[in-house]
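Right after this note come the structures.
Consider the two complexes below, in which subunit A is the common component and subunit B and subunit C are the respective partners.
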Partner chain A sequence: MSYYDIDSILTDAQKLPCTFELEVPGLGILEGNPGDDIKAGTRIDLPLWLGEMLSIGARLGTSRLVTLDMPDALAERVMNALKADPRTVDLRALAPHFYTLSERILEIFEEEEMVDVLINTFKKRAAEISDHAHNPRGAVGDGVDFLRGLDETERQLFRAAHDRAKQVRIWAGEAKKK
Partner chain B sequence: MDYPRSRVPRWTIDDPDRVVTMYGELGNKLVQHAKRTQALAQLPPYQTEIVRAVTREVRDLDRDVARLLDPFEGSFNPSADPATACSLLVDHLCMRRNKRCLMAYHRVRTEKLEELCWTGVDVLEQQQPSDGSEDRGVSQSAGGHSSLSPEEEEYFRLYSDMLAAYKGQWTDVDLTGTLEPPKDLFIDVRVLKDAGEIQTEYGVINLTKNSQLYVRQGDVERLIAQGFLERLS
Partner chain C sequence: MAFPLPRGIVASEIAFLAEMETVTVVPRQRLEGLELLGGPIEPLVPPRRASLPLWLALLLKRQRRANIIPPSWLHPESLSLILEVESQHQDYKNAFSPPPPLPGQPSVRDQGLEPTARPQYTLDGNRYYAAPPFLPQNTAQTTVSSGEPPALPFHWIEVGNMLLDSASDDLMDPGQIRRLLKDLREVRMAKMRSGVDVLDDAAMGGGGVALTGVGAMELGDERGFLSGVVDGLRKIGASKEQARREQLAEQRANGGYNGTQDEEEDYMEF
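Let's look at the complex of A and B:
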């Protein structure tokens, strides 16, 4: 997660629900109403990079600015679906950077069970991804929906698995370059 | 406590058509461009407009910070005035975010430029506008214009010079040459563009357009990479 890492920046842009704990005059632009005030108790979806830092005040014991909630992508409903069958969930629709987002969220929240669910999800799906990468079934067929629902990390995994298989064939002399 | 009440909707000052965007949205757009750039072989046009808009956003935010702090005359106490502190924090975070987006965008592009340098693609040669009078930054999308910003062109030029100087230390090894061992020492090539005469170990060859030659591969590798010659299989 370097400063310049594009995926890390895009991860930080994903939104999570925040509740303001105090009235802030003139900050309405966060809600899309520039010039207005934000009332205490207003709930707004803020990007992670903003919400995380605003919530830190709470931990330092100074005045609490906002409180964070779990983003929808990691809601109880999603966790239940992942527990039932990780392979049928469209992670991309939930969050394009699902795993990196979860990582960041779990730095903030203490959720032991969620860690287990997510690790299990990744393992199960990684096996499936590897299967698809090594046995391409073309643009039609049963795997399409699954592959469309891969999050960014999984896409990179798929690409890596796919390219490596090809390179091994080239190295073994079974396939020609390009 | 008398709060400074009205924040001017910033975007409407310069451009009435611009929709009010949440801070950082433009920076995000820039990063998405960078993401796409990573996957491309070529460098897409420099997003002058967005870069400018993001820097303008930073300037506006900075002005806002100055305006918020003005009444305190240098003795601002955050715990006494949490609401203002919150506004300041938001402004600061947005500026920091924009900085990160700008830095990352430019870094992706410079890394691409360096890569092109090493593979021997002459970006400047390829994209030089034909009319010669470049209206810098106004319309990058108009065909024939460079997809580099003036600064990037300068960077590319200087990096190329540096690479050439570095390579110059070893006359018998071509550092940017291909790593593939050649199958044949000599190859057939066709000349796509006039390149004049070149010196080789075996004498001078004259490269005129559409001629076909049988030459030593090592001699013409650079010319193939630069698009003067085409290899015939």
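Let's look at the complex of A and C:
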């Protein structure tokens, strides 16, 4: 996670459902009503970086400003689907940066089971990605649906595996350059 | 970030390194010994065999000044034997066939013997132990200890491919060899892929993944993918790992630590 890493910047911008615990004067702009106050108990989707900052009081033990909830991408429903078959879930539709988002979430929440589910998902899908990447026809063919559902981390994996395999084929004279 | 090449070395660079492997040739013409930066080249006298680096051997072969004697593993019989071990042998269902034995290492037959490494000496008299890239694994040995099963050397894909390309008339049944090399590569690639399941041991908890016997080109091929997977698993499992460490630190603080735990954790299978 480098400061200039575009993926980590985009992860920061993903929305997280937050509930305000206190009434905040003048912050209605977040809800789309500039100038108004925000009432206690309002639920708003805030970017990860902002939600994390506002909820920091919870960790310090003082009265907190907002409480965070699990984002939809990591809801119970999704976890069950991933437990059933990791390969059929369209992660990209859930969140373009699914894994980096879940890393950040797991830093905030302690969810032992979710870690196991995600690790299993990542492994199963990585094996599938490797299969598709070594297919000389590339991303066309039967795998299109699966490959379209890859999140950003998985796309980089696919690209790494595919480029390497292609290089070796070019070196061995089985494929033409470019 | 804008650097166009991927991490690690690319296929053509691996092939370049493989050209330093020594092979055996039968020269057809005389050639004085050469003093090259990479080491002296022995003089070539026609009927006598000589050991040359692969690049020079290929050059002489293309000029029809020498014939290359293929290494013993690059033979349809040896290759089909290795393929059989690789695909049918129970012990190697999830592992790669063993690499050629190091000098002084007991062969597969008499396992259980303690390996006794034979040191070699540099010109200055310093002791050293030769390791795979610097051992002649592709020369046609005259003193092959019989009963030693054939094994794939570190640069098997590169050497095999280059010899098939430029010296196919020196090989026995090149078509068959080509097929067998391709089959071997596919079998081993499938193993590499199934190895993804055990990669999380490498990412967490200080486990390890055995890559004994994997060739240079295979490593280069899988480097980007496998390191990406390990990295991803490590990041996802970071919070769990954190918890594990805290627990361990707590145990240590409570005096429940017996000192051997760390050694077990760091144990890697080679």
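Following the convention adopted for this analysis, the second predicted complex is superposed on the first by the 165 of 178 C-alpha atoms of A that agree within 3 Å, B and C clash if a C-alpha of one lies under 4 Å from a C-alpha of the other, contacts with A are read in each partner's own complex, and residues count from 1 in each chain.
In this section, a residue touches a chain if its C-beta (ideal position, glycine included) is under 8 Å from a C-beta of that chain, and two chains touch if they have at least 3 such contacts.
On a predicted model such as this, the values are computed, not experimentally measured, just so you know.
Asks: Contact-wise, after the overlay, does A:161 reach subunit B, subunit C, both or neither (first, second, both, neither)?
Replies: The answer is second: A:161 touches subunit C but not subunit B.
Asks: Thinking of the overlay built on chain A, is A:65 touched by subunit B (first), by subunit C (second), by both, or by neither?
Replies: It touches subunit B, and subunit C stays clear.
Asks: Which partner does A:119 contact after superposing on A: first (subunit B), second (subunit C), both, neither?
Replies: So A:119 only meets subunit C here.
Asks: So, does A:89 touch the first partner subunit B, the second partner subunit C, both, or neither?
Replies: neither
Asks: On the A-aligned overlay, A:48 touches which partner chain: subunit B = first, subunit C = second, or both, or neither?
Replies: Touch status of A:48: no partner.
Asks: Applying the touch criterion given at the start, work out whether A:30 contacts subunit B, subunit C, both or neither, answering first, second, both or neither.
Replies: First partner only, subunit B.
Asks: Intersection of subunit A residues contacting subunit B with those contacting subunit C?
Replies: Looking at subunit A, the two contact sets intersect at 4.
Asks: If we count contacts the way the header does, which residues on subunit A are in touch with subunit C in the complex?
Replies: 4, 99-100, 102-103, 106-107, 110, 112, 115, 118-119, 122-123, 126-127, 129-131, 133-134, 153, 156-157, 160-161, 163-165, 167-168, 170-173
Asks: Considering the complex alone, what residue numbers of subunit A touch subunit B?
Replies: 3-7, 9-10, 12-13, 22-30, 32, 34-35, 47, 49-50, 53-54, 62-63, 65
Asks: Any idea which subunit C residues touch subunit A in the complex?
Replies: Of all residues in subunit C, those touching subunit A are 1, 6, 10-12, 15, 161, 165, 189, 193-194, 196-197, 199-200, 217, 220-225, 228-229, 232-233, 235-240, 243.
Asks: Using the touch definition from the top, list the residues of subunit B that touch subunit A in their complex.
Replies: Where subunit B meets subunit A, its residues are 3-10, 20, 22-24, 28, 31-32, 34-35, 38, 78-79, 82-83, 85-87, 89-90, 93-94, 97, 100-101, 103-104, 107-108.
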